[in-house]
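Worksheet: the structure to be examined is printed underneath.
For reference, chains read A, B, C, D and E in written order, and residue numbers begin at 1 within each chain.
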Amino acid sequence: MGKLRYLPPGTAPATLILPPEYQHVRPSKSLLEYDAHSFQEHRVETIDDLFPYLESEKISWINIDGLGDIEFFQQLALHFRIHPLALEDILNLGQRPKVEEYDCQLFIVLHMAHERKQQEMKFEQVSIVLTEKIVITVQERSGDVLNPVRQRLRDGVGNARFMRADYLAYALIDAVIDQYFPLIDSLGETLDNFQRSLLDQPTRERINEIHEFRRNIARIHRDVGLQRDVLGQLMRDESGLVAERTKLYFRDCYDNTVVMLDHLESFRDSTRNMMELYLTSTSIRTNEMVRVLTILASVFLPLTFIAGIYGMNFDPMRGRLNMPELEWPFGYLFAICLVLSVTIGILAFFKRKKWL
Amino acid sequence: MGKLRYLPPGTAPATLILPPEYQHVRPSKSLLEYDAHSFQEHRVETIDDLFPYLESEKISWINIDGLGDIEFFQQLALHFRIHPLALEDILNLGQRPKVEEYDCQLFIVLHMAHERKQQEMKFEQVSIVLTEKIVITVQERSGDVLNPVRQRLRDGVGNARFMRADYLAYALIDAVIDQYFPLIDSLGETLDNFQRSLLDQPTRERINEIHEFRRNIARIHRDVGLQRDVLGQLMRDESGLVAERTKLYFRDCYDNTVVMLDHLESFRDSTRNMMELYLTSTSIRTNEMVRVLTILASVFLPLTFIAGIYGMNFDPMRGRLNMPELEWPFGYLFAICLVLSVTIGILAFFKRKKWL
Amino acid sequence: MGKLRYLPPGTAPATLILPPEYQHVRPSKSLLEYDAHSFQEHRVETIDDLFPYLESEKISWINIDGLGDIEFFQQLALHFRIHPLALEDILNLGQRPKVEEYDCQLFIVLHMAHERKQQEMKFEQVSIVLTEKIVITVQERSGDVLNPVRQRLRDGVGNARFMRADYLAYALIDAVIDQYFPLIDSLGETLDNFQRSLLDQPTRERINEIHEFRRNIARIHRDVGLQRDVLGQLMRDESGLVAERTKLYFRDCYDNTVVMLDHLESFRDSTRNMMELYLTSTSIRTNEMVRVLTILASVFLPLTFIAGIYGMNFDPMRGRLNMPELEWPFGYLFAICLVLSVTIGILAFFKRKKWL
Amino acid sequence: MGKLRYLPPGTAPATLILPPEYQHVRPSKSLLEYDAHSFQEHRVETIDDLFPYLESEKISWINIDGLGDIEFFQQLALHFRIHPLALEDILNLGQRPKVEEYDCQLFIVLHMAHERKQQEMKFEQVSIVLTEKIVITVQERSGDVLNPVRQRLRDGVGNARFMRADYLAYALIDAVIDQYFPLIDSLGETLDNFQRSLLDQPTRERINEIHEFRRNIARIHRDVGLQRDVLGQLMRDESGLVAERTKLYFRDCYDNTVVMLDHLESFRDSTRNMMELYLTSTSIRTNEMVRVLTILASVFLPLTFIAGIYGMNFDPMRGRLNMPELEWPFGYLFAICLVLSVTIGILAFFKRKKWL
Amino acid sequence: MGKLRYLPPGTAPATLILPPEYQHVRPSKSLLEYDAHSFQEHRVETIDDLFPYLESEKISWINIDGLGDIEFFQQLALHFRIHPLALEDILNLGQRPKVEEYDCQLFIVLHMAHERKQQEMKFEQVSIVLTEKIVITVQERSGDVLNPVRQRLRDGVGNARFMRADYLAYALIDAVIDQYFPLIDSLGETLDNFQRSLLDQPTRERINEIHEFRRNIARIHRDVGLQRDVLGQLMRDESGLVAERTKLYFRDCYDNTVVMLDHLESFRDSTRNMMELYLTSTSIRTNEMVRVLTILASVFLPLTFIAGIYGMNFDPMRGRLNMPELEWPFGYLFAICLVLSVTIGILAFFKRKKWL
């Protein structure tokens, strides 16, 4: 789980407060306009830069990277009738993936996955506002996840430019969700490597690493699961903003999340297996050591006793039964034979018990 | 779980009995009246003090802190048509969070969280009666959780004064529920610290502490979960007392409880991991001790046996094979070399087994 | 679970067979008649004693304590049109709590809890037949659980006498279910005491006691859970026998069962924790013993070896290297110093490992 | 689970192949005809023997014991319009309990339990075809489970002969399901005995026996659970073949299966408890042995060391500090006192640790 | 789980990319045409080869084995109006079993099981497009799973040729699903063998083998479970493409998957039992070794001490109490008797503890 983000209890709803680390990230804004025949891209500074373009019948995509300009967002909300609660969710990061219906608008929150290096993952909130002709996307920072969609629009590849705003929203959501594929793939590889090395080095830190895996898997599972629910809602959307034929595409994307979840669940089973393996290997090691200890003690305790017997200082002079062995010419040989036969007997016992 | 509170079996329903510790807490009562243009605050002593104000078209909020005046509550119930069962629930603490529909009224019970110090938490019951124009709140004791709402009304901040009684109820519920955010946050921090110190000091008391954490998490999870259900019911309310646009605010609050539950579930996983870690660390410690014991015994048992052999009292005089070593000029050196080579052999064996 | 009670396979349905221990318990029967203005109580012997009273518009409650008169029950069923299957359930004990709708009748089975002493609980079946104007209750034996209701009717306390037969049924069910409160309360107390004593005396019998607790909790949980379902069905009753305003009372009673279930679930968690605690304390004890053993062996094995060395019988006369220590004037001191320094070294090693 | 029975992949649906062990069991067929006033029983050889009787308004029950006459079944299916898939299910054993609706027919599969001896159970498939006036039952072999129903019809006991074919089907299903009562009862008894003997003889075979119990319980639970679902479907039947008043009887039978499931679940808990008990008893035994070992080693290692000290051969002649004890007149007594005081000290230490 | 297959994030939907290992597998295509009276089989090379045949009223089955001809698939999609997303799913392997409704078409994905040898399983994707008169099947490679259906059509066996395209689709799906029967059967046998050998050789590799079983069972359970859902959807199909009487056949096939799932679940229980057995057997072995060690140490530690006592060098000359035993004529016998009596005492103690 990321950090729990919350405003002080009792704060009025729809209060806009930015986490400090985002306050100085000036948003970069752009506007894309297209229809089947044309495509235009504009850099935008203020809210007024937008108006000349929005009158036409074209589909518009307003993309905002960065949150550090509350006033801009307030104007945006005013002009595009974004509900104060939706605006709050855009700026107050830490929302879970969800889709909410407002009057003539769908408000969608997704999590975008970045894998920096092995095991360290970063997630970012992406907010999407879908109206009839306009799609507004807000990212925490500039990123390249949505670039392929922009490029496909620019190139007019496939049917991208022939379809409506809902299809654009689909393409953006699909791009965000596909991002989890390489993440899960590399997680699976790391798990495999880890499992292979587990038996060789079952150190105590391993436990923490397994727990770390579990936490990561749970984290991703939760995100993907919620995003599956978002897609499920869009697939069955009744607001009228999603056309029937676009729903087929959402269903396709939904299928991808289900495949992801299947893999994550098998990862979960793997970590459970690893934990078992780890615990067993500890208990087997103890077992083996106790075995060695038992065998050694079984052999040497009797031997030492025999040696002790003949180390006693009874005086053979005092009586004929007083350690006559000490006086025998082959007493030492006798003692050694005794020792050897006891040893052999004990080892035979262990052999029969299959402990040797 | 708190104490199980119940009246003697067979008591008539809607019987009003106060727990003894509340009988002498005289309630302090206040009335707030407002509309878009005005705001008034009155201190109230008896039920009759209320009537001059309630005729107007304004929204009224009657707040009662303390339960120790059953007669007042009976008059209140009479005048505001509060159902006897709802009144019983207000006074008979130990209700679970819930919302119940009565004729033209919603009766809502919530739990309010106070964190006193580390690990010690107190919960208090808040009852809310929502009618078309009036909101009645009853708390166990005077507290400051609802103050921010009062302050926002006083200041006319945001749209608080423009909206209806249902929005007031929302603002109060939101204030109560937001209280869980800092609680959960500090619980998470305590858990982190605990986990870090667990490996260093895996004493037996740790188990009890982990169980204590579990109990607290279960307790809060249950409360928040029930409160999420309350909000879910209010979001889908069909009594007509909650306006459509207020439902959007309840949905926002519902989202907060879901985020809380997510965090609590990850805490739950953490305590499970801790338990595992604890148990493993015990078994690893045993394993390590057995390892030391085995190595030591393996080295010294054979050595002691060798020393025992040459401590035997066979008389070399009696025969040429009777411990001739004792008579050798370098017998002692021979014995020491024997000891050293046995030691080296055993250590090499353990080295190969990776036990050293 | 109680004993599994069943009739021989292949028995015709609705066959009336009494368990032998109930055959000789002659039922004691009484009739209560009341309306808002009057209240009458009659002792009844035969079915004919009932008829003079049932014609009026008053509400009647027929209470039967004991089952040992099959003929009486058959006449009762005939006159009040009780379905043969319902009659079978009344007499064939071992039914689970349930509510069944028959033509113009509700047939309700509940379990009544008696706590005799610590840990020993007895449950009894109560059957309730609710028609428009008549309530029939059948208990296994005479008991005082329903007495408070009788008393309230007699005294005309509250609104008891103003309401219909469905409210009487509610009052009876409420009295039965409230009986679980003290039971659960005392179970919780016993659990607390047990947990406190667990660490002091972790004997083997403790396991059986924990299992016994679990069984009891499961038993009560199951009963209360089924009774919650019964109340849920009555709350949503569509037979027309339960008035809307009575349903509010059933909802209140339903709430009580939910609170009970919450407590029982937290008891369940407690037993799980206890089990863990128990198992851990065993493994910690083993760990501690192994620690003592390892330290002792580590100290004394080397020492004994050193003593053994100087007990060897090599003859210092035979060569200058043959145990010259034995001839030294301070040889003994040297050996003692050797012993002390080895001891100190080993203890230092354990100190550093934090095993001391 | 029984053997997995299946036809070779790619076989056409509704192919009739009999398991070899059933091919030579010639079915014995009988026809019962009855109405309120009459009852007739006929032995039947060929399909033509049936026709004279089926024209009347009476209820007919055709019972077939044994499967080894595919041709007969094909004619039966043809004349009574049994669907090829239903016919396949009758002959291809290994179906799960289920009810299927075909045109004007209900096709019901049940499992019949036989308990041969302790722990060894046999299950048999019973197929029932219910049409408006005719009930056809097919059993694997002749058996006496359905006899009581036949006898009740013959005797005209109860209302058996007054009701329709659906009631006959009920009576048959009830007879089959009641058969599980003694099975579960004896399983419970076996479990109790087992549990009592577990602590005395915790041998390794016990684990296998617990697993065997689990498997049996799971097996019966699954069968009864599926049969509960069958009854649930019949209770809510909408094909028109089951009359409303018969549904009350199915509800009664459904209740029985629920009671059975309750018992089976408590058995399941018992086996879980037993497993825990078993594992704990192993770990407690190890613990106890380690305790004895530790105490013994703690006592004798120091003693042996002391004895070893005074067995050293330092020559008291060489210096005044060279083992002067050996020359003391009470040296031996001194050594013995040393030994005793060390022993007492160590035992006191263990006493304080509560290990003694 | 198989490999996670995915296209680079941001790829346009419905992009056709073949995994490299499939690019050079030229598909072999065939067309079957039949009605009640005729049956024809054609080998097909290009899309144009198909058209002469499709005009008639006959049912057509187009079977394509191999994917390495994207252009052909694109033409196919164009002519038979296969949706781009369905086409993508046909070629982009790694889809889960599912059924999707497109305009006038059902698109079904199944997994086909091949068991190569013990424990190694291969799964292949089969895509089926069902329209009113045409069924198109696409397999990864040529295989013989669908051959029996082809043969039944060729031979006109049963009612195969009398029914519509939906029945053909059923027959194909049934053939694919029946393939899991022998797979599950042999898995069950392998499990039985494994379990039998587990107690004899509880080596560490066993854990990995159990996990491998679990993974396989989970894999098959998931496939069969999803295929059950596919059949459930077809059973309740509302697109009009599946006739009522065909639905009965799908129900029959659905029943088969449920039986499979029952078996797989009992396998799952078996692996859980095995794991328990394995862990227990390790802990029992340790227990037994500790027992042997304890007994041995208990016997020999005291004996060695006694021998050590009489090995002390106190000089009996110095005082009458200085080891007088050494001077006794029967001192040695006395010592031996002492040793024997101690041994007997200790063994008696263990006997009483039931450790011997």
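Going forward, a contact is a pair of C-beta atoms (placed from the backbone, for glycine too) under 8 Å apart; a residue touches a chain by one contact, two chains touch by 3 or more.
The shown structure was predicted, so the numbers you read here are calculated from the model rather than taken from an experiment.
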Type of subunit D:subunit E copy interface by residue overlap (half), same or different: different
Separation of subunit A from subunit B, taking each centre as the mean of its C-alpha atoms, in whole Å: 26
Between subunit E and subunit B, distance of the C-alpha-averaged centres to the nearest whole Å: 41
Subunit B, residues touching no fewer than two other chains: 283, 286, 290, 293, 297, 301, 304, 308, 311-313, 323
Category of the chain touch graph - line, ring, star, complete, other: ring
Order around the closed ring of chains, commencing at subunit B, then subunit C: B, C, D, E, A
Residues of subunit D touching subunit E in the complex: 1, 4, 6-15, 83, 85, 88-89, 94-96, 98, 100, 102, 204, 207-208, 211, 214-215, 218, 222, 275, 278-279, 282-283, 285-286, 289-290, 292-293, 296-297, 299-301, 303-304, 307-308, 310-313, 323, 325-333, 335
Residues of subunit D that touch subunit C when the two form their complex: 145, 147-149, 152, 157-158, 160, 170-171, 174-175, 178-179, 181-182, 184-185, 188, 199, 248-249, 251-253, 255-256, 258-259, 262-263, 266, 269, 273, 276-277, 280-281, 283-284, 286-287, 290-291, 293-294, 297-298, 301-302, 304-305, 308-309, 311-315, 318-319, 321-323, 355
